[in-house]
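In the two assemblies presented below, subunit A is common to both, partnered first by subunit B and then by subunit C.
Take a look at the complex of A and B:
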């Protein structure tokens, strides 16, 4: 039997989808950081999270998505501040002062308390292209949560609120479990916070 | 609800069904500590371009495909299994993925036994030895025509069956990109096989709550989606529902005793080489007609699963079993002219029926008599019940 007839196959890469997910995670992480400063409700949720808590959102398998090549050339503090795009990971943490900050894409030297891992790039695309909400995605096992589960609920609420601020209603409705009514979130608060979140995302 | 005196039930495969299910295979393999699967598939699957879509699902993963063995046609034999096992060993694979149905899955199970037990033939198992150890991880991705045995603990190699609990697949992945049927006949055949298996599971006297729980959704899916799937084989909703029905019916069937239609169809298929589905389409109406004539007592769950709660509640209790048989007959007759209606149309000589009836009655462990089987076969030969 000639086994060369059946060659070994090394599957390729979906470059555009990788870039989309990386960009989305970067924007989203910076938006959460901004929302934690701007909105009272998000602030309250952040207060329930203990100090030195670190959250990681990744796409599995971790080995398939290393940090972008230029991350190795830059000084460590730039990578840890998450100023540029570095890879398909989103690490957020609450420091000793109680500030909830984006900490880049490099998990080295960080103690992860809560890890939310998408089972595949396609699963991440399903959620990040708004075809499935975060809750539906979790129900469909698109991502696996490891660590302190009660805080995962707080994180999900923070993400939902951030999505409301970031996205127009027609898109945000697809992302969140229940879009807040006027009685729950006044239009003034929503639009004002939207402007502030976008400003802080790119300036701070 | 009656409590059975005694029952056993085992359902092994993990079922992953829905959008983007294929992308879960690398993480499932990772759970079994496997990184290099051998893919076994058929020529027809390759020609339909499904393999390309399948490979794309492995992009951005750490899994390497050890090879795509696409030599399987309508017959699974030991020589082909040996070739695939050789490829598996040469490439250093650690798991098997069967992309397809029927013979593809049978061959994958045979390869799994050969490589896990480190042997080069299955004669010991044909003579009654049992598979006594955990085999390598086996993932099944159903595509196209089903023979209803994929999710069971049975494999058929060289027309001989081997049964062992270790032959259950580990994961079954049902993805809408893979399931659409190639033609109405193929959908009808797969549907009829699932219907016959689920029917056997629910009408068996010794059926238990667990088999009923699994057969119930299978019949509900079939009742709703089989007519739709036959008219539109490429419809994704229908194909997903029918693939699920097939897997569920097979799971129920592997925990129950085979029905008369199953036994007779298998025997006829072994003699003639024609697929089981065609025989089941002919035999099931004859069996139902015979049951109606003899007024055999069956569970009213058949009626509930086929027509739904509203019609079930509106029917008097004593009429439900008979109406269940009517509903099953109506469903099978909705296939119209897609499959042959009598054994005569398939050019089966009448003298062969006696032998088939005798073997089937022997295999049934005295549940059916020779005469019972012959009555059903003769009715099927004429096609009078269809």
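Take a look at the complex of A and C:
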């Protein structure tokens, strides 16, 4: 029997989708970090999370981003920086000072407390293109949550609030279960925090 | 019929139901190459003589390795490790759990360690730690409510860390669930009422929450029919064995439904009140169910309205206009609670302020409501509820549930797009 007649099947590349998801994750992680700094409600949610808590949002299969295959050819400092080289994933953590920060996409040496893993690139696209909200995505098994489950609720709430600050109402309504009315979130808070979140995303 | 764009469903528990169902266990265990089971139960079940009923049903056909009856109300991992030692010392090859939720969860824990090796359950905590088939496992439920015989989860306490640990795997599903009316015959009327309302809540929430799917819908539909047709009758006539068998079946079907569709805010509030004030789960479910339906009414009125068919029958369903059906469901659930309250001589509470402990003190003081409302954010059932539930919303619901008044609909916050199933 010629075993070479039965080659291993490699996953498809889908380069544009991978780049979209990678860029979206980077934006979103930076936005969460900024929102945790500027909004009181997000701050309160972050306070409920214990110190040294690490969250990983990942798209399975791990190490599937094309750049990973070229990692060996890239200079060491770029590889160590980790962005986009360890598969489609973002890692966020709360440090001892209570700051919730984006920690790149290199999982090496980190103890992951909570992992939210999208089952496939297409599943991630469903959520990241706002065709499904986070809750609907969860209900449709687009992602699997593992680890310290009680804190997943806080993380989901933080993500919802960040989406409200980040996105215009017409899009944010697709992402959250209930878009906050003026009585829940004043326009001043919403628009001021939106400006601050965008500013901090690109400057800090 | 609503077809979600995506769903998954898994239920692979062989279920046998009927009079003398217990007598089938030896042959079915032999079919799994198991001849020496460990019986796991609690003192209450043992003293009610239910273990003797099982033993008698299997006498001369199966040698029982040992009976472990030290499972407390809230089982912890040390009990599991203790039971594993008994399992090994007595050379057992399978497990029979006789009891309610705590006993079944303990038995699932014992099965993990006994099958996979080691001597500490903590080594297998979390999702995905159990990756292969476990020892033959039979469940004989003695309450018609929890549905644990159909779920893939075991919740076991770690008293040192003061947390409840989740063990989740499809391999935790029992091989066999045995529903025999003799096992629930001695259940007191008020416990029959609250456990059956727990099953009713499983079925209703499985039907209207966002993870619903056509297969779980059919389980939920039939479960609601059986409970509404038999519950009051069984509470009034505890010796009605056919009615008890119907309730046991309904509980199992509701378990299969909610295990795949998940639950919503009724369980979110119930888990939190249970954890903070030690309100029995079934009691909390029966109190919160009408409020859960009412709170989600603006989101899922059509779907909640469909529950009227199994709840009240085809005549009532057909004679009620579509726009009034959901309201009628809420009305009927409240009426069922009131009827159960009357039939049990007031032992079935209708609202939170009616729950008292053995010393006559209120179990849920009004001052606890803000604390409970804040704690709901830690429970996963919040995610699959159709409408968003935040602490201020929960507090509003809790205040009404404490007083026993219907929700003030104007206070329910609305917004966001139509629920996508």
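Observations, loosely collected:
We take it that the second predicted complex is superposed on the first by the 169 of 204 C-alpha atoms of A that agree within 3 Å, B and C clash if a C-alpha of one lies under 4 Å from a C-alpha of the other, contacts with A are read in each partner's own complex, and residues count from 1 in each chain.
Rule of thumb we're sticking to: a contact is a pair of C-beta atoms (placed from the backbone, for glycine too) under 8 Å apart; a residue touches a chain by one contact, two chains touch by 3 or more.
The structure displayed is predicted, hence computed values, not measured ones.
When the two complexes are overlaid on their common chain A, residue A:178 makes contact with subunit C while staying clear of subunit B. Residue contacts after overlaying the shared chain place A:7 against subunit B, while subunit C stays out of touching range.
Contacts of A:119 after superposition: subunit B is touched, whereas subunit C is not reached.
Of the two partner chains placed by the overlay, neither subunit B nor subunit C lies in contact with A:16. In the superposed model, A:188 makes contact with neither subunit B nor subunit C.
Of the two partner chains placed around the shared chain by superposition, subunit C is the only one that A:154 touches, whereas subunit B remains out of contact. When the two structures are aligned on the shared chain, A:146 is found in touch with subunit C, with no touch to subunit B.
After overlaying the two complexes on the shared chain, residue contacts for A:170 are found with neither subunit B nor subunit C.
Once chain A of one complex is fitted onto chain A of the other, the partner contacts of A:136 are limited to subunit C, with no touch recorded for subunit B.
Subunit A residues in contact with subunit B (one complex) as well as with subunit C (other complex) are 140-141.
Touching subunit B in their complex are the following residues of subunit A: 1, 3, 6-14, 17-18, 60-61, 63-65, 119-123, 126, 140-141. The residues of subunit A lying in touch with subunit C in their complex are 48, 132-133, 135-136, 138-142, 144, 146-147, 149-150, 152-154, 156-157, 173-174, 176-181, 184. The touching residues of subunit B, when paired with subunit A in their complex, are 18-20, 23-24, 26-27, 30, 55-70, 83, 86-87, 90-91. Listing the residues of subunit C that touch subunit A in their complex gives 4-8, 126-128, 166, 210-211, 262, 377-380, 382-384, 387-388, 413-417, 420-421.
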